[in-house]
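My structure is below; once you've seen it, I'll send some questions.
By letter and in written order, the chains are A, B, C, D and E; residue numbering begins at 1 in each of them.
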Amino acid sequence: FRYENQATYSGKAVYNCIRLEPDGSTRPTTMRRRDLMRMTNIAPRDLRRIDPTLTLTRTSPCLTAREDVLLVNLGGVRLVVSEDHALLFEPTTGPSVRFLESITQRLAQLRRLERLPAYARGDLTVPVPFELEVVEAALIMGTARLDNKLLRVAERTDVLVRKITGPSGIANPITAEMLEELRRVKIQLVQLESRAEAIKAAILEVLDEDEDARELLVSKTVEDRKRKEAAAAAMIEALRNTPVDAPAGVVLSPNLEITVTAEEGEEETEQERLDRMEGETEMCEELLEYYLQRFETVHSESERLLDSMRDLEESISVSLASRRLAVNQLELRLSIATFAVAIGALVTGAFGMNLRSTLEMSVSWFYGTCCLIVLGCFLINRLLLSWTQKMKILS
Amino acid sequence: FRYENQATYSGKAVYNCIRLEPDGSTRPTTMRRRDLMRMTNIAPRDLRRIDPTLTLTRTSPCLTAREDVLLVNLGGVRLVVSEDHALLFEPTTGPSVRFLESITQRLAQLRRLERLPAYARGDLTVPVPFELEVVEAALIMGTARLDNKLLRVAERTDVLVRKITGPSGIANPITAEMLEELRRVKIQLVQLESRAEAIKAAILEVLDEDEDARELLVSKTVEDRKRKEAAAAAMIEALRNTPVDAPAGVVLSPNLEITVTAEEGEEETEQERLDRMEGETEMCEELLEYYLQRFETVHSESERLLDSMRDLEESISVSLASRRLAVNQLELRLSIATFAVAIGALVTGAFGMNLRSTLEMSVSWFYGTCCLIVLGCFLINRLLLSWTQKMKILS
Amino acid sequence: FRYENQATYSGKAVYNCIRLEPDGSTRPTTMRRRDLMRMTNIAPRDLRRIDPTLTLTRTSPCLTAREDVLLVNLGGVRLVVSEDHALLFEPTTGPSVRFLESITQRLAQLRRLERLPAYARGDLTVPVPFELEVVEAALIMGTARLDNKLLRVAERTDVLVRKITGPSGIANPITAEMLEELRRVKIQLVQLESRAEAIKAAILEVLDEDEDARELLVSKTVEDRKRKEAAAAAMIEALRNTPVDAPAGVVLSPNLEITVTAEEGEEETEQERLDRMEGETEMCEELLEYYLQRFETVHSESERLLDSMRDLEESISVSLASRRLAVNQLELRLSIATFAVAIGALVTGAFGMNLRSTLEMSVSWFYGTCCLIVLGCFLINRLLLSWTQKMKILS
Amino acid sequence: FRYENQATYSGKAVYNCIRLEPDGSTRPTTMRRRDLMRMTNIAPRDLRRIDPTLTLTRTSPCLTAREDVLLVNLGGVRLVVSEDHALLFEPTTGPSVRFLESITQRLAQLRRLERLPAYARGDLTVPVPFELEVVEAALIMGTARLDNKLLRVAERTDVLVRKITGPSGIANPITAEMLEELRRVKIQLVQLESRAEAIKAAILEVLDEDEDARELLVSKTVEDRKRKEAAAAAMIEALRNTPVDAPAGVVLSPNLEITVTAEEGEEETEQERLDRMEGETEMCEELLEYYLQRFETVHSESERLLDSMRDLEESISVSLASRRLAVNQLELRLSIATFAVAIGALVTGAFGMNLRSTLEMSVSWFYGTCCLIVLGCFLINRLLLSWTQKMKILS
Amino acid sequence: FRYENQATYSGKAVYNCIRLEPDGSTRPTTMRRRDLMRMTNIAPRDLRRIDPTLTLTRTSPCLTAREDVLLVNLGGVRLVVSEDHALLFEPTTGPSVRFLESITQRLAQLRRLERLPAYARGDLTVPVPFELEVVEAALIMGTARLDNKLLRVAERTDVLVRKITGPSGIANPITAEMLEELRRVKIQLVQLESRAEAIKAAILEVLDEDEDARELLVSKTVEDRKRKEAAAAAMIEALRNTPVDAPAGVVLSPNLEITVTAEEGEEETEQERLDRMEGETEMCEELLEYYLQRFETVHSESERLLDSMRDLEESISVSLASRRLAVNQLELRLSIATFAVAIGALVTGAFGMNLRSTLEMSVSWFYGTCCLIVLGCFLINRLLLSWTQKMKILS
C-alpha cells in the first residue's frame, strides 16, 4: 500500500510513444513521465487517466480537456493531444496501428484537399482543427470497435435464437451447448453495454458542463488565454488612468471589459468574437453529439439484445418447467397403471403360494381369477385416473 | 475498417429522392451526395443520420435542426427539409408512399383553404410553415405506425391472455404453442418499447435545449440570421460613429442592440419581435409535446403490457410448480401404496418358493396369510401416509 | 391510414356536453367540433387530448393550459374550462354524474357562503377562482377513484395474504384459486400504478415549468394579456415620443416597462402586482402539490403492494420448491425400500421357479431364506440410505 | 363519495391537543377544526396533511411550511408549529408521549443553559429558534423509530442468515419456518424502505426549492413580512415623491428597494441582512441535511438488506434445485436397478409358471438360471448406467 | 430513548486523537468533546458524522466542509481538518496507521521538495494546501481499500467462474460448495457496490453545489471571510459618506462592492481575485472528479460483476432445470419399460397360480407364453414410447 507505483510516482517511468504532427507525419519518440508532465502541464493524477501501465485505464475511457492538452483514452487508443502534435501511447497494439493508419491517411487527404482549388474540394471546406481531427479519429475507432463487437454478437444471438426456437417453440432437447452459448452471449452483451455506457459517460461529462465542449479546441483555448491576458492588462491600465469620478458602474461584468478596450484598429468586435466562439462550441458539440448517439445506439441495442436474451432464458425456463410437468403427469399415469398391475400381481402371487386354498383343481377359478385380475387392474386404473382428473392433477 | 464506405465518403454516392414543394407538388430527382451536402450545408456526419444506405438509420430515429435544414428520420420516412422544399429518400418504400399521399393531400387542402374566404376556413386559420407541416406529417407517420403495432400486439396479447387464463386460473395444459406465442409477444413489445423510447429521446433532445424548439422553423432561422447580420452591421457602424465619451455601459447585452437601431420607420419593435418569437417557439413546442405524449403513451402502454406478460409468465411458472408439486405428492401416495403392495408380494413370493415350509396343506394358513397380506398392505400404507402428513409433506 | 377520423378532421363531429356556470347552474348543450375550436381558440391537436371519441384519452390524463382555456381529463371527467364556464363531455358516464353532483353542490355552497356575513363564513374566506374550483373537483374525482380502487385492492390483497400465509408459513395446498387471485391482484396493482403515474406526470408537467402553475388561472391570464397589450402600446407610444438622445439603456428588460408607464392614478404598483402574481402562483402550486402528493401516495402504496405481491409469489415459489424437494426425498427413500424389496422378491421368485434346486424338501432352507430375505432387504435399505446421507442427498 | 367527511368539511371536528410553549411548559387543549384553521391561516387541504383522523396521514410524512406555521408529521408525531407555540395532536400515543418527554427536557435544559454565564454553556451558545427545536425533536423521533426498527430487523436478519447458511452452505433441510421468517423479514424491510423513502421525499421537498429551507423559521418569515410591508410602503411613498425626470433605471429589481430607503438611523444594512438570512438558511439546511443523511442511511441499509435477502432467497432456490437434481439422479439410478431386477423377476416368474418347460428336473438349469439372472441384472444395470453417463444425464 | 448517549450529549466524552501538523509531524493528544466543538465551532450534529463511538459512522462516509474545518470520514479514516492541523480519531486502527504513514511521508517529501531549487522539483511545483493534501490522502486510502477489495473479489469470481463453467458449459455436479462460494461473492459485491455508492454520494454532494468544491480549501475560506468583513466595513463607511444625490444604481450587487473600494495601493484587482478563486475551485474539482471517477469505476465494475454473478446463477438454474428434465425423461422411459415388464410379470404370475388351467402339461404353451410375454413387453414399451414422442413429451 503506497501512493501507486513508486517508479511512476517519482516520474522516472518511461513511455514509448509515436508523435503525430498535424501534417500526418509520425515519428517514434520516448518520453520520461516527468518530462511529459512538465511539457503538458498536467497533474500526475490526470496522467493516470491515460497511463497505459495502469490497469485502471483498461476499463475507464477518458476524454478530458486540461489547460493546454486533451487526454484521450477511447477505443483502445491512448493519446495526449495538444494544439500542434499528439502523442500516441503503446503504438504497437492493434487499435493503435489501425488508428495511426486511418488518421495519417485522413490528415494527408486533408492536406491534399487544401492544396486543391475551392471548387474541387467538395463538402470539406470548413477547416477542422488538428486536435478535433484526432479526437474524431479516436471516436471513430471507438465506435468501429463497439459496432463490430455488436455486429458479431448480434449474429451469434441470431444463430442461437434460430437454433433454440424452432417453428413450434423452444427446441425440444435444450442441449447444454445451447445454454452455454446463451450464457456466453449474455456475458459479451453485458460487457458491451458497460463499455458503451462508460464511453457515453465520458462524452456526456464534456457535453454537460456549459462551456466544456469548446475546451476540446485546445488551440483556441490557448489563443483565448493570450488574448484575455492582454485585455486584462489593458483594462487594468485603463482603470488606473480613469479619473476617480468616472461612473463605477461601467465595469458591469468581467466579460464586457473588451468593449472598453475595443479600438478602431481591431479586426474583431466583441459581437464577432462571441459569434465565432459560439460556432466553435457548436462544431465540438455536433461532433460529440453524433458519436454520443452512435454509442447510445450501441448501448440501447446491446441492452435490447440482453433483455431479449434474458427473456429467452426465462422462456426456456418456463418451457422446461412445462415439459417437466408433462413428463411428471405421464409418469403419474404410469405409476397408477403400475400400481394397478401390482395389485393384480399380488393376487396372482397369493394364488401362487404353496399353501392349500382347496381351489387348486378348479379350472373356472383359474380363468375367473385371471379375468377378475385384468378387470380389476383396469378398474383401479380408471378410478384413480378419474379421481386425479377430478382433482385437476391430470387433465 | 475504414472511415465508413469509401464511395460514401468521397461524396460520389447517388440518392434517388422525391422533391416536395410547399404547394404539394412532387417531382422525382436524383442527387449526388456531394451536391446534397453543398446545397444543404451540413456536415457528412449529419447526413449519415438519415442516409438510407446505412443500417444505423434503421434503429436511430432523428429530428435534428441544422443551420438551414431539418434532418428527419421518423416512422420509416427519411427527409431533408428546407424552407422551400423537402427531399424524401427511398420514395418507393411503404411508409414513404403513404407519407407522400397524406402530405400532398394535406398541402393541397391547405392551399384550397387559403383560397377560401375567412369565414369558411373553420379552425385552420393559423398559417403553419411548410417545414412544420412536413415534420408533423412525419410524426403522424411515426405515431400511426407505432399505434398500429401496439394495437395489433395488444390484440394478440388479449387473445393470448384469454387463452392462457381460464375462469379458474391458468389453463391446465399450458401448451408449447401458448408459451411460444407469449415469447413472441414479449419480443414484439420489447421492440415497440425501444422504438418509442428512441423517438421520445429524439423529440426530447429538441425540446430540452432552450431555444431549439424554434430551430425547427428553418424559414424563420434564415430570416433571423439575415436580420441579425443587418442589425450587427448597423450597430458596428453606429459604434464607430459614436463619440468616444459616450457611456460604454449602453451596450448592455448583444440582444439589445436592436433598440439602438430601432428607428421610427421600422414596422416591428423589439417587444413585438420577442412576442412573435415566443409564439413561434410555443407553436413548435406544443406540436412536439403533443407527439411526445403520444409516443410516451405508446411507450408506457407497451411497458405495461410487457410487465403484465412477464407477470403472466411468472404466474405460469408458479402455477406449473404448484401443479408439479400436486403430481409429485400423488406419485408419493402411489409410491407408498406400491411399496406396501410390494411387501405383500414379497410375502406371497416367499410362500411361493419351492421350499418346504411344512404349512403346505394348511387351508387356514392360506386364507390367514391372504388376509394378513391385505391388512398389512393397508396398515403399512396408512402408517406411512400419516407419518408423511405429520411431517407436513403430504396434506 | 389517414389524418385520424375524417369526420373529426373536418370539424363536423358533434359533442354532447353540459355547460357549467360559475354559479353552479348547468345546461345541456351540443357543440360542433369546429365551433368549439373557434370559441376556445385551441389547435385540433389539443382538442384530441380530451376528445371522448378517441381511445387515446382513456389512458392519457391531461391537465393542459392553453391561451384562454384549460383542458382537463382526470378521473374519467373530460372538461374544457374557460374563465366563465366549463364544458363537460360525456355527461352521462358515472364519473361525470358524480362530478357534476359534487361541483354543483360545492359552487352553490360557495355562493351561499358569500352571501353570509364575514364572521360566519369560517375557513373559506379566500375567494378561489371558478376554474380552480373545477380543476380541484376533477382532481378530487381522480383521487377518489384511485383511492377507492387502492382501498378495494388492498383489502383483496389482505384477504389473499391471510389465506395464503397461515401461522406456520405458506399455506400447504396452494390452490389454483389462490394463484389466480394473486395474478388478478397483481394486474390491478400494475394498472393502478400506471394510472397514478400518468396523472402524476400530467400534474408535474404543469408544476415543473416555471410559470405554468399560474397558467391554470385562465381568468388571470386573460386579464394579464389585456393589461400587457395596453402597457406595450403605451410604452411604444412613450418611446416614439422620447427625444433621440435619451439613454437607450433605460429599457433594461421588457418586464420593467411598467415602471415607466406607472402613473399616479394607477391603483396597483409593480411591486403589488408581482406580490399578487406570486400569491396566485402559490395558490395553484399548493393545490397541485397537495393532489400530487395524494397521487404519489397512491402510486407508492400500490408499488409497495405490488412489490409485496411479487415477493409473496417468490416466497410461494421457493416454498413449493422446498416442499417438492421433501416429497422427492421421501420418494427416494421409498424407491430405496422398494428396490430392496424387489431384490428380495427376485430371490423368492428364483426359488419359485419350477426348476430343481435339490433343496425342495429342506424346511430349514425355507425359514433360513425367508429370514435372509428380510435381513437382506433391511441391510440393502440401510446401506443405501446411509450412503445417500453421506452424499448429503438425504438428511 | 363526498368531499371527504362532512363533519370534517364543515369545520366542526374537534381535536384534543397539547399546547407546547417555548419555555417547555405544556397544557392540554381542545380545538375546533374551524378555529384551528382561522388561527393558523392554512387551507383545509393543508390541514388534511396532519389531520390524525385521516388514514392518509399514516403513510405520508409531512414537513410543510405555510405562511405562519409549520405542519409536521414525522415519526408518528403530528404537530402544528408556529413561532410561539406548538400544537401536538393525539398526545396519548406512544410516540407523542416520548416526544413530549424529550422536547420538554430539552427546552428546560436550554432555558437553564441560557441562565448560566457564557463560559459554562459549553457548545450550545447559538440560539436555535423554538420552531427549529421542535422540528429537530420530531426528526429525532423519526430517526430513532426507524433506527430501532432497522436494528431489530437487522438482528432478525442476522439470526436468520446464520440459521439458513451453515459452514458448508445453505442448511440442508430448509424448513418452512425459515422460509416464513425470510418472508416476514422481507416484508418488514420493504416497509422500512418505503417509510424512509417517504420521509426523505418530505425533507428533500423542503431542501430542493431554493429559499424553502429558511421557510422553516416561521418566526423569521413573520418578521420579514412585516419588514417588507413597511419597506414597500416607504418605497411607494418615495416613488410618488420622486420628480418625473429621475432616471427610471434606478429601481433595478424589487429586492434592492431597501438601498433607496436605507437611512442612517437603521441598525441593519442590506448586506448584513443578506448575511443573516444566508446564515439562517444554512442553519436550516445543515439540520435537514443531517437528518436527510440519517434517513438516507436507513434507506440504503434496508435496501441492502432487502437485496441480500432476495439474493439469499435466490440462492436457496438454486440450492433446492441442485439438491432436487441430486435426488432425481439417485432415483434414476434406483429406477435403472429396479428395472434390471424386474427383468430378472420376469424370468423367474416365467420359470414359475405352471406350464411344462421339460426342464423341470434339471438342477444345472436352476443354478444356471439363477446365475444368469444375477449376471443379467448387473449387466442391464451397468449398460444403462454407462449409457446415461455417456448422455451426460448422470455423472 | 434519549437524545443519543447522555455522556456524548453533555460533551464530556473524550477522544484519543493524533494531531497532524502541516510539516508532517504528529503528536498524540486527548480531547474532550466539548473542547473540540468549541475549537472547531461545529454543531454537535456535525460532529456525530465522524464520531468514532457511533455505529452510524461505520456505514456513512462523509466529506463535509463547515466554516473553518473539514469533516472527513473516508476509507476507515476519521479526521477533523482545519487550515493548520488535522485531528485523526482512533489512530490505532489499521487504516489509520497506514494513513498516517503515507501522509507523513508525503508531507515530509513535499517539505524536502520545497527546499530544492526549482529546476530539480519536477512535476510538483504547484503548492497544494495542507487540507487538500490530507483530503487526498484520505481519498487514496478509500480508493486503495475498495480497489483491493474489488481485486480480491474479482479473483475469487474468476476462480469460481472457471470452476463452475467447464469447456462444455456449466459443471455437471454443481456442488453445494460452488453455490456457497457464489452466494458469498455476491454478498461481498453487494457490500462493495453500496460502499462505493455511499462514497460517490458524499463526493457528489460537495461537487454538485455550486461553490462548494472550493469550500474544501478551509484556509482560503478563512482568508476570504476576513477580507470580506473588511470590504463590507469599508463599503458601509463609503456609503455613509456618499452624498445623497449619488446614483443609487451604483451598488449593483454585493459582489461588486470591491470595485468601489479598489484603491491604487491594493495588490489584487477584482479580476485577479475571480481568476484565483476559479483556479482554486478548479483544483478542488479536478481532485474530487478524479477520485469520483475511481469510485465510479469500482462501483460500475462491482455492479458488472454482480450482474454477471446473477446471470451465472440464472444460468445454473436453467441448466439444472434442463438436466432435471433429462433425468425425468429417462425415468419416464424406464417407467414405461418397467410397466411393460410388470404386465409380463402379471402374466407369468397368473400362470404361476396354483389353480388349474388345464394347460399344465403343454410345452408349446410354455414357450409360446414366454415368447408372447417378451414380445408383449417390447410392443407395450414401443407403443407407449411412440405415443409419448407423438405427444412431444419425449424426443
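The rule we apply is simple: a contact is a pair of C-beta atoms (placed from the backbone, for glycine too) under 8 Å apart; a residue touches a chain by one contact, two chains touch by 3 or more.
Since the structure is predicted, the reported quantities are computational estimates derived from the model, not experimental observations.
Annotation: the chain D:chain E pair of sequence copies touches via predominantly different residues, less than half of the used numbers being shared. Rounded to whole angstrom units, the spacing between the C-alpha centres of chain C and chain D is 21.
If each chain is reduced to the centroid of its CA atoms, chain A and chain C end up 34 Å from each other. Annotation for chain B: residues 176, 247, 249, 252, 317, 321, 324, 326, 328, 331, 335, 338, 342, 345, 349, 352-354, 357, 392 touch two or more other chains.
Chain contacts in this assembly form a single closed ring in which each chain touches exactly two others. In this entry the chains close into one ring whose order, counted from chain A toward chain B, is A, B, C, D, E. Taken together, the chain A residues at the contact with chain E in this complex read 1-3, 11, 34, 37-38, 43-46, 48-49, 56, 59-60, 172-174, 176-177, 179-180, 182-183, 186-187, 190-191, 194, 197-198, 201, 232, 235-236, 239-240, 247-249, 251-252, 254, 257, 310, 313, 316-317, 320-321, 323-324, 326-328, 330-331, 334-335, 337-338, 341-342, 344-345, 348-349, 351-354, 357, 359-363, 365-367, 369-370, 373, 377. Contacts from chain D toward chain E in the complex involve residues 98, 102, 106, 122-123, 126, 140, 144, 165, 168-170, 247, 249-250, 252, 256, 259-260, 262, 264, 269-271, 274, 286-287, 290, 293-294, 296-297, 300-301, 304, 307-308, 311-312, 314-315, 317-319, 321-322, 324-326, 328-329, 331-332, 335-336, 338-339, 342-343, 345-346, 349-350, 352-358, 384, 388, 391-395.
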